[in-house]
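Letters A, B and C mark the chains as written, and numbering starts fresh at 1 in each.
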Amino acid sequence: MIIKLNNLNYIYNSGNPFEKKALDNVNLEIKEGDFIGLIGHTGSGKSTMVQHLNGLMKPTTGQIIVDGIDITQKDANLKEVRQKVGLVFQYPEHQLFEETIYKDIAFGPKNLGLSDEEIHIRVKNSMELVGLDFEYLKDRSPFELSGGQKRRVAIAGVIAMKPKVLVLDEPTAGLDPRGRDEILGEIQKLYEKEGITIVLVSHSMEDVAKLVNRIVVMHRGRVAMDDETREVFKRAEELEKLGLGVPQITRFMKHFKEKGNDIRDDILTVEEAKEEILSYLRRRKNA
Amino acid sequence: MDNDIMIKIEDVTYEYNSIGEEGQLRAIRNLSIDVKRGEFLVILGHNGSGKSTLAKLMNGLLIPTKGDIYVMGMNTKDENKIWNIREKAGMVFQNPDNQIVATIVEEDVAFGPENQGIPPAEIRKRVDEALRIVEMTEYKRHAPHLLSGGQKQRVAIAGILAMNPDCIIFDEPTAMLDPTGRIEVMNTIKKLNKVEEKTIVLITHYMDEAVEADRILVMEQGEIVMAGTPREIFKQVKKVKELGLDVPQVTELVYELRKEGIDIQEDILTVEELVRLL
Amino acid sequence: MLKDITIGQYFPGDTIIHKLDPRIKIIIIALFITSLFFINTFFPYVFILIFILLAIRLSKVPVKIVLKGLKPLFFIIFITFAINVFMTKGEVLFQIGPLTVTKEGISQAVFMALRLIFLITGTSLLTLTTSPISLTDGIEKLLSPFKKIGLPAHELAMMMTIALRFIPTLLEETDKIMKAQMARGADFESGNILNRAKNLVPLLVPLFINAFRRADELATAMEARCYRGGDNRTRLNELKLKRHDIIALVSTTFFFAFIISIRYIW
């Protein structure tokens, strides 16, 4: 399972004075087992690109290959594509509509024409995957839940489609730190335990640094960087030029090194920083 | 009444009925706070800690079940004073879309003063001044729905400023914004405090915004559980984290290093400070 | 998709027509429509045509844009035309199958179609040259004398303003929810009418819930900004009649009085 974007262009209001190039010759390959962090400031083309991955938007020119099939072809089976590539929008709790949590999560599988038994299994599994108690919650209304829990119901609704690739557009927006950590923990579990390929759109460099193994940076509709997490965060100055940044801890280590201390500057988490500084202080003492 | 106190909260409890729950729920329990004139106060707490309820109590959108709240000496229970209270203590909400009323930026900024019955010439002056302060003058004839989140929120702030308040209460004003919008709004809030000398009450769950405050109150289950300057609060890394909140990464690093027996000053908040110390 | 729909087709400008007081413009259009219905021969249409062309010229709105307003109503104009052609009795000109076309029919059809076309161009000229906000201001002011008999003029105007403000927001939201449900395999495009209506539930329910949430938050925000109805409220831009407003009102009143009188004089 692989997604390939070839020379993708998308132009808003094509042919009128308000014409705007949202995607400018994007080439990207998403491989099985990737955990990609997609970053870029608002208007960089992230959301537009993400909506092309499952055929919700059609490129002005270019090709999108999902699992060997060109989905820009007229006869492409978009339902199948949308099953393979799950997309969780920003504030997904705003699309809940059913009377019970069970029914809402079952909406996707039902559209796939699955049997009641299969639907039951999928609803149960996906609720467990996002940390919702099936027996206690299944017959409750999703609207009684707290914000963070509603969001989990919405995510479960996409997971129940059993996608191979799960794209999440800012899944932690508006959540407090605890809610954020819980959702991110569940996403990590989906990646590690369920083997789902993940594309995480995020504004938080700290979150991205902690989780993903590859970063794609978008800027003005183009892919500006595409590399392993550590490699991308080494390029702090370039990122700042694009209106982005690096985690505070990465910035600290870089400054500390610039002051003439011989340490690694590709640190991503507080834990790593602690180890590096402890070993550095030991080295300094012994020298 | 003490002139240095902007808002006085005296032993306030707030209870409400929730659908599907038995009995009354307590959002606020026996709370007492003095908001001092000119200060930049941050109320920090996770979702459901009662901080938004507290905000709505501060300008009479909610009335305490028990206890009293005074805004510049006026009790929020006094129905004759309610409009004066809301003029003095303006409020900016979380969702920028849902607080803009008019279809043109300057018309929206004028909405508050129009409600106050200010003469048109004076409204014009206030609108222009408010838009200048939030740096949105060039957008005054624009339609709000075409602005970015940060710009919309600045328009909302201008709308409150035009009412000439002494104090502005911000209820998670950046929760729905992207990093650029958050910086814009935080810079505006700091400017209102430092340059325009407005008293600021900022309710948030972002620790990086709290770092800028004069004083922080941490809320949990309707009570104040921690109070102090940002340095005093954040150095208690373990306690803050247990309350479901973040600390700056460098503060956490210092905490971890101290646990390993390294002797460094514990109340570090910024990268630059730590670089200097190590 | 849905975002491309433009509502409130205001064409900004700085002309005398744009600057006319919205109240005056609304009254003129009312007079215009009334006189259209008094016209019973072709001859006075000449004056109406001159009036409209002059107004368009003065407003500097391109004719093409004014005519665009006719497009969505073309079907209605066509039906009106067809009904009149075939249903009017009189001197038979020719027959197509069971349908007869009469001389009177053609004349009546052209007459009615012209009336509709004038009606539409006149009113779209009003909305093209008046911003939604001053239009609501104008309506509020014109209706305010009826407050005494219980007509909520201010509330109606406030509702219109809020509706105009939130239409783009709700359209954007519709687009987003639609896509989110499509990502879960929803189908809004195929099936028979009954199925399609049923398929709209996953779109409409969230849309309504969100709209109610927005309404609730907006109401709180308005209260926090001291909104307490229309009493003692002032306005940033107060409507004041100027000299040119009076001249426009008086001259057009004479003009339309003349057009109406044609019916009785000739």
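Following the convention adopted for this analysis, a residue touches a chain if its C-beta (ideal position, glycine included) is under 8 Å from a C-beta of that chain, and two chains touch if they have at least 3 such contacts.
Quick caveat, the model's predicted, so the values are computed rather than measured.
Viewed as a network of touching protein chains, the structure reduces to a complete graph with every chain in contact with every other. Among all pairs of chains, B-C has the largest number of C-beta pairs in contact.
Each chain gets a centre from the mean of its Cα atoms; for chain A and chain C, those two points are 45 Å apart.
If each chain is reduced to the centroid of its CA atoms, chain A and chain B end up 31 Å from each other. If you check the complex, the residues on chain A that touch chain C are 13, 51, 54, 56, 79, 82-83, 86-87, 89, 92, 94-97, 107-108, 111-112, 143, 157-158, 161. By the touch criterion stated above, chain A contacts chain B in their complex at residues 41-42, 144, 146-148, 173-179, 203, 206, 243, 245, 247-249, 251-252, 255-256, 259, 261, 270-271, 273-274, 277-278, 281. Note for the complex: chain B touches chain C at residues 56, 59, 61, 83, 86-87, 90-91, 93, 95, 97-104, 106-107, 110-120, 123-124, 127, 143-145, 159-160, 163.
Chain C meets chain B in the complex at residues 8, 131-133, 161-162, 164-165, 168-169, 172, 213-214, 217-218, 220-228, 232-238. In the complex of the two chains, the chain C residues touching chain A come out as 4, 173, 176-177, 179-187, 201-202, 205-206, 209-210.
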